[in-house]
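Here chain A shows up in two complexes: once beside chain B, once beside chain C.
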Partner chain A sequence: MKLALRELQRRPGRFVVATVILTLIALLLMFLGGLLDGLVASSTGALRAQTGQFIVYSSTSRNALVRSRIEPATHAQVAAVAGPGNTGGLGSVQLGSRIPGHGPRDLVPIVLFGYELAPRGLPHMPPGPDEVYADTTLKAQNVSVGTVIELGPARSRVRVIGFVSDSQYLGQATLWGSLATWRGVLTENRPGERVADGVVQAIIVRHDAAHATTPAGIDAATGGATTTLTTDQAINALPGVAQQQSVFDQIIGVTVVIAIVVVALFFALITIERTALYGVLKALGASSTTLFWGVLLQALIVTLIASAIGIVASLILAAIIPPGSIPFIATPLRLATSVAYLVIAAVIGCAFSLRRVLKVDPAAAIGGGQ
Partner chain B sequence: MFLALREVGRAKARFGLLMAAIALLVFLILTQQALQTGLITSFIGALQRQSAPVLVYSVDGERTLQGSVITTDLEAGIARVPGVAEIGKIGQNTFTVSVNGRSQSDAALIGYATPSLGAPAPLSAGRLPDAPGEAVGSAADFSIGDRVRIVGGRPGPELTVVGLARNAQIQVTPTMFVSWSDYVAASRAANPDAKAILPSVIGVRPTPGLSDGAVATRINEALPQADALPKAQAAADTPGVAAVQGSFQVIFLLFALVVPLVTGLFFLIITLQKSRALTLLRAIGAPAGVLVRALLVQVLIILGGGIIIGTLLYAPVSQLKIGSLSLRFDPAAVLTWAALLLVLGVISAFAAVQRVLRIDPVEATTGEGGR
Partner chain C sequence: MPVTQTAVALSMHGIRRTFRVADDEVVALDGVDLTVGSDEILALVGPSGSGKTTLCSIAGGLLAPTSGSVVVGGQDISDYTSRQLTDFRRNAVGFVFQTVNLVPFLTARENLLVVDEIGPRTGARGRARADQLLEELGLADRAKNMPAQLSGGQRQRVAIGRALMNEPSLVLFDEPTSALDTELGDQVVHLIREEMKSRGKAAIIVTHDDRITHYADRIVRIVDGRITHEGASAPPDR
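For the complex of A and B:
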């Protein structure tokens, strides 16, 4: 083991190639993971921000907010199951927005939500008519408290009265206002999607101890007119979220396999180069286990150095990327998972050198192999 | 040559494993390429297939069909722009449907008011609708005679598929082209509160002699609310297309790096392993050029074999349908990747070639040749 460490100290140049390639792979893993986390966060923030545990859609909507439509009578049936004050309507509309200081064709895509039950971070009561809270990512678009934003082709005007964090929806910034504000903007800009008074797209249901509310209970009470999902189920039903996750997971998997191949090939090369030396060491009494642990230790140290550089680079990247541009976030869990993947790849990659170390014949040291 | 082939023949497992690894990588690359092409075609195929040469979005729609709404004033303004010969309403939305009485699924409806400005062309089977209640469906998802019922807040129209168009999906969703009246009926069934059903875009045909790009420029200059684009540009600029292409470029770059990396390291390792034999060959008079040629022949055999096997694995997969996504065999992609990987693989053998060239025949007499 000491020999392995001493070799790393005295001949670091020999390990530079592997360290550089593994650093690139570490960066790639962390960047891909951070990008996935950022994309998912920017798609799901609005649903994660809900303080209710269930989301009720109309049964013909296939769990798409934009296609869901719940009549007041259905809302009343849900409220009867969940208890007074435990339900609130939710509506959304996606529009281009004109923000002061932007050019006439430089629109910012926005989703306006109308709500009754306040999402996390917002006051209990929804804001007044034509007043909204804005997602913090809009600060990067020069939005501040008091900014008047014009929405859609009808230029419906709403005034920002505060901010809420981590509430993006399908990759877009959000505004949060009352249901009345939402209905007004919807009618002015999307006459084909307008809804009558009392109609909402979905109902947020808060579970309390006094009412044993379950998704099945809600759907039974509405006679099958609704489909009720837990918040997690609703997040997974968002278009693209599951697909995004699966594509990125596959890329991350391929990257880990690449790491295994790199470690395996590199340490196989080093082991071949050292065959004669290992013969001498075995002739002097070193066991195959000791020699293999030395190779493994070197692989782990190289991997950990590469991982450390990757972590620092990821944290710097997360700090310098302006909010609202690339959806990249570096969470401790993601960084730790990436390091774990690389360590596992190093161990598996090294295992390919084990057979070579075992095959070294000590007799070769005194010419027995000639 | 003789030595190279004899060595490959004797160490079948070793060379076979490398060939299998390269075949797997080639298979993965070609499958990802087919996925990328399939995904983009399924995302914007309907835009490319529809017949209007120029599409006018509202600026607020940000070049998405579902986000764009054309007001009556804007529609009238477009018709008045000099150089516009003909205009037609085109609407698009996604609906919940039941096909042949089966359980609910999604379908995108594209409604057009003028067949020459919005209907799909060409058709792969059947005919265009000539009566209300008829539709052309995306060939990957529908068959002629399918009966599709719109499921909404109130009973929707039932559509019968009378024609099929290949590569005509939008947003990776089964897609149907219907008359404007059927589109309006479907929209009202989905939302009985709807006031007016406005078009998503306006299809435009320029006057003879005026190019699609020129009429688009005139419309954009005349109407600040309009965002006119020639058909091809409208498809390419659809939000998400660039992101999909960018993501796949990263994957392809990774794979393109891995193939030469694996090949290069493999041949470097086997060159090191047989350095004693190579030194001996040099000592008995084998020129370095012969050894280098033998090495390159092995590289080409392994890469060529891997590419052929990978392509053979890819061929049946390219005929599959994954959900709403249809894949297809792309000979151009196969040829491009084969050429690229062969070149990169040969370049990657440079380190092994250098090692061969560095062999000093004198070492055969000192025992250094094994190092």
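For the complex of A and C:
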């Protein structure tokens, strides 16, 4: 091990190329991961912010909020199963909005939610009529407390009274108000979609110990009028989310394979260069295991250096990207996962050198192979 | 020729070593018997391809014989597995290679400590031994130098120190003067004799250079895998 460490210390130039390439791969992995996380976050914030464990849609909605309508009677059936205070209606409408300081045709796409059960970061009681909390990404659009936003073709006016973070929906900023505000805006701007009092698009259900609430139990209580999903299931059902995840995961997978190939090639070359040295060390009594651990240690150190540079660069990138521009977030989990992928790639890549190390003949050191 | 010393560092009987080359069997050694006393210096001389390096490799546990017995420092290594031979080399044998083969990115001292690091890892004891050997070899002031900063003779001395680190029963020198000029080669072989005799170590010097034979206690000639001559050698006038 000391031999491997000393070589790294005394001959760092040998490892520069591999370190640079692995750093670029680390940066790519972390950027792809951060981009995926940012895209997913900007699509799913509104659902992740819900404090309930289940989301109930109408059974004909095909798990889409926009197609779902739940009548008060069905709501009552769900509430009977879940227990008092554990359910809340949710409604949404997607509209173009006019924000002060923007041009008349410069519409900002916004989703207005009406809620009963407060999502994370919002007060227990929904705001008053025509008052809303805005997603923090709207600050980049010069929205502040007191800003009046005009929604839709009817220019329904709502006043911002505060902010909530990480609540975007399908890539759009959100506003959070009462169900009454939502119904009013919906009626003014989408008269063909207006809903009666008490009708909501979805029901958020909180699970408590006193009520053994299950999705199957809820759907049975409504006689099949509903489809109940866990929050994770509802997130995966959002259009594009699963597909985005799949595409990015494949790209990330290919990048990890490239990392394996880089490590394998580089350390295979180094092992070939060291054949004579390994022969001498084996003649002196070094086991193949000892020599291989040295190779692995060097690969891991190079990988960790590349990972550290990648982490620093990702954090700097996350800090300097203006909010609302590129959906990039650098979460500790993503960064740690990327490092783990690279470490695994280093171990697998090195395994290709193991056979070569095993084959080194110590007798060759003394010319005694033949 | 009988060995007069009572202790034996190396005893080889009926050593046969064959190699398969395509469909042919090449006999590198054919029924070789050899014994080396515990503080004897033996010169193993022969032309290229005579089998001297193969014989040296078997004595040093780098190769297993096809048949025959090998006992080194009291250990019968005839049927040792590859792993056992690795352990044996680590603990009982020292090598000085033809091209010296010091690790280029380690200092002189670290080149000696490699033996301790791949072996028993005695820590302070290993470091003390390395320092002592460097002192005895006249290299104490070169301990922190890299091989590239040492002369040919100094590198050879570091290699000898490395070979002695594990206090071996037997030290094997493979063509120690082949890369050196006459004067330096003479100095190196003189040094080898002094170091081995002062420590009471047995040594086999593989060489095709007849000039070296003056420094050995006994000369063994090998041709076509068989020992053809054994004889005492008179030390040079020094």
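The criterion applied here is as follows: the second predicted complex is superposed on the first by the 363 of 370 C-alpha atoms of A that agree within 3 Å, B and C clash if a C-alpha of one lies under 4 Å from a C-alpha of the other, contacts with A are read in each partner's own complex, and residues count from 1 in each chain.
The rule is short, and it goes like this: a residue touches a chain if its C-beta (ideal position, glycine included) is under 8 Å from a C-beta of that chain, and two chains touch if they have at least 3 such contacts.
As the structure is a prediction and not an experimental result, all values here were calculated from the model.
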item: Which superposed partner A:Gly83 touches (first chain B, second chain C, both, neither); value: neither
item: Contacts of A:Leu277 with chain B and chain C, given as first, second, both or neither; value: second
item: Touched partner set for A:Leu28, first chain B, second chain C, both or neither; value: first
item: Partner chain in contact with A:Gly121 - chain B first, chain C second, else both or neither; value: neither
item: Chain B versus chain C as contact partner of A:Leu3, first or second or both or neither; value: second
item: Touched partner set for A:Gly162, first chain B, second chain C, both or neither; value: neither
item: Which partner, chain B or chain C, touches more chain A residues; value: B
item: First (chain B), second (chain C), both or neither touched by A:Arg105; value: first
item: First, second, both or neither for A:Ala363, with chain B first and chain C second; value: second
item: Chain B versus chain C as contact partner of A:Gly198, first or second or both or neither; value: neither
item: Touching both chain B and chain C, residues of chain A; value: 276, 370
item: Contact set on chain C toward chain A in their complex; value: 19, 26, 28, 53-54, 56-58, 60, 62-63, 83, 86-91, 95, 97-98, 101, 103, 105-106, 110, 114-115, 117-119, 162, 166, 172, 174
item: Footprint of chain B on chain A - complex, ascending; value: 21, 28, 58, 60-62, 64, 67, 69, 94-96, 104-105, 107, 109, 152-153, 187, 189-196, 199, 247, 251, 254-255, 258, 261-262, 265-266, 268-269, 272-273, 276, 370
item: Touching residues (chain side chain A, partner chain C) in the complex; value: 1-3, 6-7, 10-11, 276-277, 280-287, 290, 362-363, 365-368, 370
item: Contacting residues of chain B [partner chain A, same complex]; value: 28, 58-62, 67, 69, 71, 74, 94-96, 104-106, 151-153, 187, 190-191, 193-198, 224-225, 227, 247, 250-251, 254-255, 258, 261-262, 265-266, 268-269, 272-273, 367, 370-371
